[in-house]
Structures are given as C-alpha cells and as structure tokens.
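The following pair of complexes shares a single chain, subunit A, combined with subunit B in the former and subunit C in the latter.
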Partner chain A sequence: EKVTVEVLDHLEHLALVDFRDSEGVERLQKAIQFADQLHEVNTDGIEPMDSVLEDRCLYLREDDVTEGNCTKELLKNAREKVEEYFVAPPGNIPLPKLEERDTFLQGF
Partner chain B sequence: AALTGALRFQVSAALKEGRVTPTELCQKCLSLIKSTKFLNAYITVAEETALKQAEESEKRYRRGQPLGALDGIPVAVKDNFNTAGIETTCASNMLKGYISPYNATVVQKLLDQGAVLLGKTNLDEFAMGSGSTDGVFGPVRNPWSYSRQYKEKSVPKSHSEDKESNWVITGGSSGGSAAAVSSFTCFAALGSDTGGSTRNPAAHCGVVGLKPTYGLISRHGLIPLVNSMDVPGILTRCVDDAAVVLGSLAGHDPKDSTTIQDDFKPFELPDLTDVSKLSIGIPKEYHAPGLSSEILALWSKAADLFKNAGAKVIEVSLPHTCYSIVCYHVLCAAEVASNMARFDGLEYGHRSGMNKSTESMYAATRREGFNDVVRGRILSGNYFLLKQNYDNYFVKAQKVRRLIANDFVKVFRSGVDILLTPTTLSDAVPYMEFIKEDNRTRSAQDDILTQAANMAGLPAVNVPTALSERGLPVGLQFIGRSFQEKQLLTVAKWFEKQVKFPMIQLEEVKRHDHRGFQHQKSASFS
Partner chain C sequence: LAPWVPVVGLEIHAQISSNSKLFSGSQVQFAAPPNSLVSFFDASLPGTLPVLNRRCVEAAVMTGLALNCSINKKSLFDRKHYFYADLPAGYQITQQRVPIAVNGSLSYSLCIDNKLSQMVTKTVRIKQIQLEQDSGKSLHDDTRSQTLVDLNRAGVGLMEVVMEPDLCCGEEAAAAVRELQLILQTLGSSQAVMAEGQLRVDANVSVHHPGEPYGVRTEVKNINSIRFLAKAVDYEIQRQIEELENGGTILNETRAFDSKLGCTVSMRDKEGKQDYRFMPEPNLPPLILYDAKSLPANMNHQQVVNIDWIHERLPDLPSVKRAKLVEQYGILPEHSFTLLNEDGLTEFFENVVQRTPMKPQKVIGWILKDLLSYLKQHSLTVKESPVSSSLLADLLNLLEKKEISSTAAKQVLAELWKGEGKTPLEIVTEKKLELMQDQKELEEICQAVIDGQENEVIMMVLG
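Up next is the complex of A and B:
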C-alpha cells in the first residue's frame, strides 16, 4: 500500500521539509514497512510508556525569575533583526498548493 | 609518558607533584590534535581559550589549590553540546556559524572543576547515525586504522592500492569523541547516547564508553534528539576515569526537570577481588543474527571468566529485544519531528534568503539546512504522528517500549545483578564498505545490541576487551540496574583488569611522547 500523493503533500506541508526526489519518497515507504513490524507484538492491556521516570514526580521549580536580561546575547545569532525584534517575512500567507509549489511531488 | 600510558590518576598525581604542568599537557594535546588532523575527529579546536584555562589551572596548582581531580585535564566535547562562545554545529549546515550563548550544564560542570576544553568533536549530523560518517564536515577516521596492530594484519589487495582507502569507521554517532580519546588528544570526552551513540564508537575505538541512567545527568544544553532517551555519555581510556567524570557530572539540575532529585554522592571504585556474590545474566536474545563468531567467542570467554572466578553466571531472556529497533525507529522519528521544528532560521542558525512568506522561508531554510537523513526522519516522524496513524504507530511503539522495559525489570528482580552482552555485531568496517548501505539500514543493524538499554533508561558501559583478527578493538557491554552505576562500574573495572586490553600503537603518539619524555628527564621542578 503506497502512500498517496495527497498524504505526501500534507507531510511536506506539516514538516516544512521536502522529499526532494524519489529516493526521499522511497525512504518513507521503507520506514513505514519497517515500522509495521510493530504490529506483530501483542500489546493488549499494556499502557503506553511516556517516560522511564514515570514513577517519580517531575521537578517543578518556583515561578521566580532567576536569570535573563540577555537580549543582546540572544539577538547575536539571528540573521535579521530590527532593534529588539526578530524579523520574519510576512505571515498569514499559506504555503502554495501542490500545483503551484516547486516540489518534486508535482510530477508524482 | 604524560600523554599515553598515564591513566588520569597518574596524570593527576603528576600535575599535583609538578612533574608536568597543565600548560604543557594542553600544548601537547593541541599539538597532537594537529598531527592527527587526518582523523577528522575535531570540528572546532578552541586553542586560545584552552591555553587560558590551562594557565588558570597552573596558577591554582602553584598555589597548591587545585579544584579537584579534573583540574588541568584536557577534555573534548561532542559538537551537539552548547559551549558558550564556541561554535556548536551538530555537524549540520543548519547550525554552521551558530555561537552558543551558554554552556550546557555538563560543560559548565567540567569547566567549574578546572577541566581544559580543547574543542568540539565530530559526529553524524544531529547525532543521527551509527558511523560518524554523515556530518557536513566529513567522516571521522578510526585511529586504529593507523595502528601498527591493524596495519600488521591488513593484507593489501594489490601493491598499488592506496593504503589510505581501507581506513575503518569509528562507529557513531559520537565517533569524534571516541577517536579523540583513543588517539590520546584528550583524557576524557563527552558524547551523547540515544540508541548506543557512545557505546558503539567506544567499542570500535577501544575505549570505555559509559551510558548513565536516564535522569542522572543533566541534558540542559544538549541539543535534543529523543527527549525520553537521550543522555550525555562519557568516554575515557579506563573505567576509573569514567567514574571520576561521572562524579563531576551527575546530580539534579534545576534546569533539567527530567533529572532526578535524589542526592548523588560521587564515588571511588573499590578493587573487587571476590566476585562470588555476583550474579551475571547472559541474555540469549543478544546472540543476534549477524553477530560475528569472533565476538560470540569473546562473549563466551568473558562469561567463563566470571564463572571461573566464582560468580553465578546464568542465561536469561529479554524476549522483546528484537523489537527494540523498530520501536526506537518510530519513537525516535516522532520525537525528532518535534525537536527539529525549532530550526526555522528566525532566531539562530542558517536562514534562507527566501522571504516571500514565513512558511516559505521556513521551508527553504530547512530544505537547505538539513541532510537527507534528518529530513527523512522528520518526514517519517510526521507520518507516524498523523491522526490516522497516531494510535497504530506512536502509541503502539510506546506500549512496546513498556514491554521492553519490563523484560529488564523481570530479569533484575529475579536476582541478576548485571547483564553481560556484546556491544557491536563485529569489529569496525572499512568506510568504503560502510557507505554501501544507507544510514537507516546501518543504524538498524548496528544499534541492535545497545538500543534496548536506552528504551529502559538503564546504565550500560562498553569495556574494551580484545583485538579482533584484523587487529581492531572489540568491546563487551555491561548493563546495570537503574542508578546503580557504582555496582556497574565496579564490575566493569574488575573485568577491565582481567582482560588487559592492549594500548594502541600509533606513530604520531610515539613521536610526541618521546619528545615529552626527554623533556621530563631534563626539566627540573621545584
């Protein structure tokens, strides 16, 4: 059962990462095939495990400000900034649809 | 022989007695790094800051006030740990040029103890891989490729064959750190371990590789791969050294809520003489398909070693072992899909020139910044997390994880103290052979013996055991109970003493050491 081009497109959209070529798509197909082996295991009555430390209480600290004031430091690594803002290109513009995008999936 | 034969304890003593100074040690290591550049173990060498740290350490020694056992000791750190003022790349284009604004907690702890940070070591991109071959700075070469032991055993296929081309991999993903320790350019190195990334290269490079219990050492500042499995790893040349480094790193960190709050007391390892009260478990499922007959024989020999010394050695079963790789594959991809979402070019790292919209800028940035392996895992992860797949893949994998963890609980509850298993399926393969298979296939094959310990969060350590027929290191793995590192390392130390793993014979190191020795003879110390 191959993954449909709709799902592939959806994944590119969600992940904001591209399949790039047929190898990329093949890679996903193989990954799914590999993962399907999980279904051989009987997990009836088994609870999912989030963390090996599930029997302990997670550490929560007091909601006090203990450090900060490092704006200059943090802005150093950003490529585009204005005063104390990170500058992003305009938002609210959705990624172009499959037909209009420059993606390998177009010819799929 | 300040660089080589000297175990850290001996170096520590030498520093205290003034037989060698932190600056001399630092300079020797830096010089050796330069002459072993072909190994490609280091991405960044922090020469200036290292020398400054060495200077500070020297002042402390002169005052008779060293900070501790690690004062003045040259160390290296895998390039997925944040180091203030030093580039941290994760061997990816996504973080090229990224200068960390802070130190990872473990890095800070090392520096607070006076350790001298020589540089950042090479790895697979974002720690995804088992060869240290898939980073943007190129593959790391196993120092043993250039050892007399390996060269003696390798038969050139033709006299015109470039002997350069049959170098072997370090394993991964902490290959740079393993190579750095193995080639004597540092005394200890930090790696990370999510599926075996510290123990695997430790085995291939003939060094001790410790994966601590999940929750013992802070992950704050370690760029995450799988939040529920990642741990900082420790690579050293002997088990005692690993215990010392562990002592300086373990303990609760308020900045990492997944570190346990129990008090941690650093310990010294006793010299075990009586193993008769020990119960060693040999999990039969670790006789995995593809396990070389050589390693099988060594494993058997090791079991006999314990038996003959009076320990109880029994076969045990961890029935879900064969599913740990599949389970890991799904959980890892899912967590990666989430963890890699932070790389969008806006606040740090690579940023694409595309600026039509936020989303298209993010997409272009990530397209340009990540390699195939990383992109592949992000896409698979997103697939497994789709609403229609969530229960069948992600939750299913979490259930299988519990089964794997329970296998260990049952075995330890039955009275077994330590498990003894191989670490890798074979000795290190030549790079040209390794790259014939893709990253995922290789990882699936190579992680099979190490991954389950990460699933269950248990401590595990690789101890170099013997040389293979090809003259390359082979290690064996001990897996212990949660937070019982002292017991684990005590047994490991006993084993290390029994097997007397040989020292690597490297030309470059001999040259440096020889000079060093002469210097020591003629120098006068007050």
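Up next is the complex of A and C:
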C-alpha cells in the first residue's frame, strides 16, 4: 500500500516539510512499513502504552517565580525586533495548493 | 412557520491564578514590559522541558470539585499542533485524551420576564475541564504589514471548561458564565476578570426545528464581556434563522463578534479545516492524583495532590453563601443574588447589620435601593462608596430610634453622598431634621394649624 499524493500534500501543508524527491517519499514509505509491524501483535484487551515513562512519577514543581526577566538574551536570536517585541509576518502564509506550487509531488 | 430551537454550547478559558506558569517558573502578571516574563522554555528554545506546577493542578481539582465533576485520578497531556507566531513551539500542551475532570454540572439562576422576584434555577452540564497552556499575544500592525509578538502570556496555565450545548439563548449564556465567574473567584482558582483576558468565552451556536437533527454550528469568538456574550449569542441565533428562512445555508465557520456594530463577522480561514495531529506529550508521564484511600505511605507530600484534602478545604460556594444569607438574615433569595453580584456588597451589608438594631430585612432595602442605585448612577464600586458601612449604620440608628423620619433619613443620605465628612447627626442638627418628641409642643402646633384653618375644619367635621 503506497502513500497517496493527497496524504503527502496534506503533510506538507501541516508540517511544512518538503518531500522534495523520490528518496524523501521512499523514506516515509519505509518508516510507515516499519511502524506497521506493530499491527502483527494481538493487543486485544491490553491498555495502550504511549511512553516507557508511564510508570514514572510526574514531578510537581512549587509555585515560585524562578525564571524570566531575560528579554535581552531572548531577543538576541530575533532576526527583527521592534521595541522588545518579536516581529512576525502579518498572518500565516499558507502553502499554495498542489497545482499552484513548484513541487516534486506534482508529477508524483 | 415552524419554530426554531437554538442550541448554544460554551467553551470557557479561565487563566489560573498562580505566581508562575503551568510548565515553567516565569511569572504570571498582567501588563508587564514585553517579553520580560518569558523563560527559555516559554520561548521554546531547544533543550528545554516542561515541569508541571502543583498549584495549577490544585486549581483545576478545586474547580472540578466545585462543578460536581468526577476527578480523573490519572489524566494525560497531549500536543495540539498548529502554526502561529504566538505559539513558538508549534504546538500547545493540552489534555485531549483524558482531561483532569469530567461530567460535572453548573447551576445558575434566571429572572423570568426580567422580574427579579421570579427566579428559576437551571443547570448546564460540564463535559470536561482540562489543563492547557495559554499562547502569547499578537499585536497586528496593519500599516507596516507585520505582527508584533509578546510571549509574556505564553505558557500561563489555563483551565478550559467545556459545557454541553444545554443553553438556548444569550440570557442563559450570560447567567451561566456569571455564576461560573463567581465560583472561580470564590475558589480563588482564577480571578476571572474578562477585561484582563483572565476569562475568555467562545460560543458555539446552531439552530434547528424541533425533532430534526442539530443544525450546522458556527463558533463565535472575540467576546469581551458578559453583556456582549448575550448580544453575540442572540445576534448569531437571529442571523442563522434569517439566513435559513431565506433559503440560505450556514457554514461551519468561525465568526468574530464586532461589539461596535453588534454583529458577528466571518473570519474565513484561508487554511481550511485544521488538523491538529494530536499526539501524547512525550516529556510528561501521566498525572496521578490521590485521595485519602489511595494515598501512598511514604511519598514526599510536596509530590502529592490529595483530592479529599482539597475537597475538605473548599470554601462556601456562591449558592451556599446565598442560602446562608437568606437563612441568617431573613432576606429574600433575589436579595442574596444582588448581594453576591456586587463585589464587596455582602460585606457592606453585614457590617451595617452588625452596627444597628434595625432588622436586616429593613436594612436590605436601604442597601439595595438607596446605596446600590446611587453607586450605579455614578459608576462606583462598593469599595469606592463615599458612604461607609458605619456611616450608613449611624444613619439607620437615628431612624430606628425614631429621632428622624424616613423622609428625613433619605435627605441625610443625599447629603452624605457628597462625602464632606459630616456625620449623620451633624447633618440632622444642621438641617433641623429632628423629629419632634415633645408632646406639648406638638399639640400646640396642631392647635395652631387648626385655629388658622377654621373653614376647612368645619367642612371636615361636617363630613
């Protein structure tokens, strides 16, 4: 079962990844196949595990102010700033539709 | 024309009242210099990890208990992914699969036909309460085509209270939210001031004909006060009814409430329907809560949140406070509503009652009619009242001792509002408002009046 171009397009929109070439798509295929092996195990009546940390204790922190106050350091990484604000484009710039953008997926 | 049944479901985000944020130690404070209350984790710098704040967990448990919820002893954290400039990590940590509290209820009261004397109690079911992070703030600069981002709010703890769609109009929505606000403020789990963004409400609205399936719903955002909530909901219900009656359709979209125009406007999303790709938060194990029975013997108490311990320490909720006021002072239920509705008014009333032998049922009239209406007229809060509870008590004492009449008392009160520092007694003396107590003097005055009006007296005697 191959990954469809619709799914690849959807993933590019959601995660802003670029599958760029057949190798990229093939890598994804292989990753899915690898994970699909999980289906070979009968898990009827078994609680799903989503982390090996599930039995660890979730540490609770006291409600004290211990950090912050480092505006200068944080803004050092900003390409653009205006009076201690980060600057971003006016809104999200969504990826153009499949037909309208220059992508390897077009010929897929 | 077949009747329409409106359906309203609310999603409320309440900012948790805590010193520091949900997963980091930076401060929670309204109005601070931009990006000054931001830790490396809040800015999503690589290598940082979330560390859960116990106070936030306690706030959510308190709120869940107050809303009659089942508290999940094991709840989970998830990542909700979407891109936005004020969400530096590209995802929000929330509780999508198993939230901290589920299946509760909120009782609230409504006046029938705007008559305070006819109140009904209604209930709205609470689907769940979940802990989640707040995002930063975006300031849109349209002239320079850019967005300025302040992350001070990013990571602040929120309780999202999801209600079932049991409400049917703006009035119900406003009443339910008002009661929730009072509960949160009583618990102290959130200060719930809408004007400061500590309480945000989104309304899901749809209409359908009785017996038919629910209609397509829209989500209404940008509601900044309880008054606007009622307006926004009622406007949207009307808009949908008109649209459908004109043969149109309702789009499943997000709409913003424009308070100036009093209408909702489409916020048509260029990106289409969002796919949040929920996944478990890999850096946080399940949150385990305990009660008296399940409490582990040798665990550090700082690491334990005990549901029963919290339950025992819940303060009296507004509904209980009202019942107690009615019982203790013999006032009417609708009086107790007004007392709790105004910040500081209950305290004021109780202070006056303590200082005067006048019956509480009489005092309440002075509080609700004279004091409150004056405050409202001049847009003052109880705390800003130029007439203190002791001053009012002094005045009511004069009235109670029959040293002045009720009319005179109102005149004195009018003087007291000026806040010139005079006591009621001083004003009474100044304006000669004392009731005459001398029997002989009173007889002389009455006789003089009768003597001066001989004709009228004869007419009266003749019938």
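Heads up, the rule we're going with is that the second predicted complex is superposed on the first by the 98 of 108 C-alpha atoms of A that agree within 3 Å, B and C clash if a C-alpha of one lies under 4 Å from a C-alpha of the other, contacts with A are read in each partner's own complex, and residues count from 1 in each chain.
As a working rule, contacts are C-beta pairs under 8 Å (C-beta built on N, C-alpha and C of every residue); 3 or more make two chains touch, one makes a residue touch a chain.
Predicted model only: the values in this text are computed from it and were never measured.
By the touch criterion defined above, A:Ser51 lies against subunit B and subunit C together after alignment on the C-alpha atoms of chain A.
For subunit A, the partner that touches more of its residues is B, with subunit B and subunit C as the two candidates. Of the two partner chains, subunit B and subunit C are each touched by A:Arg61. In the superposition on chain A, A:Leu16 contacts both subunit B and subunit C.
Of the two partner chains, subunit C is the only one touched by A:Val82; subunit B is not. Residue contacts after overlaying the shared chain place A:Thr43 against subunit B, while subunit C stays out of touching range. Judged by the touch definition given at the top, the superposed model places A:Asn69 against subunit C, while subunit B stays out of reach. By the document's definition of touching, both partners, subunit B and subunit C, reach A:Pro90.
Once the two complexes are overlaid on chain A, the subunit A residues touched by subunit B in the first and by subunit C in the second are 10, 14-16, 50-51, 53, 56, 58-61, 70, 74, 77, 86, 88-91, 94.
The touching residues of subunit C, when paired with subunit A in their complex, are 18-20, 24-27, 33-40, 42-43, 45, 51-57, 81, 83-85, 138-142, 145-151, 270-271, 275, 277, 280, 282, 284-288, 302-303, 305. Residues of subunit A touching subunit C in their complex: 10, 13-16, 50-51, 53-71, 74-75, 77, 82-92, 94. Residues 98-99, 101, 214-215, 228, 252, 254, 257-261, 320, 323, 326-327, 329-330, 333, 337, 344-349, 351, 354-363, 366-367, 370, 372, 375-376, 378-384, 386, 392-393, 395-403, 405, 438, 440, 444, 456-457, 482 of subunit B are the ones touching subunit A in the complex.
Those residues of subunit A lying in contact with subunit B across their complex are 3, 7, 10-12, 14-20, 23-24, 27-28, 30-32, 34-35, 37-41, 43, 46-53, 56, 58-61, 70, 73-74, 76-80, 86, 88-91, 93-96.
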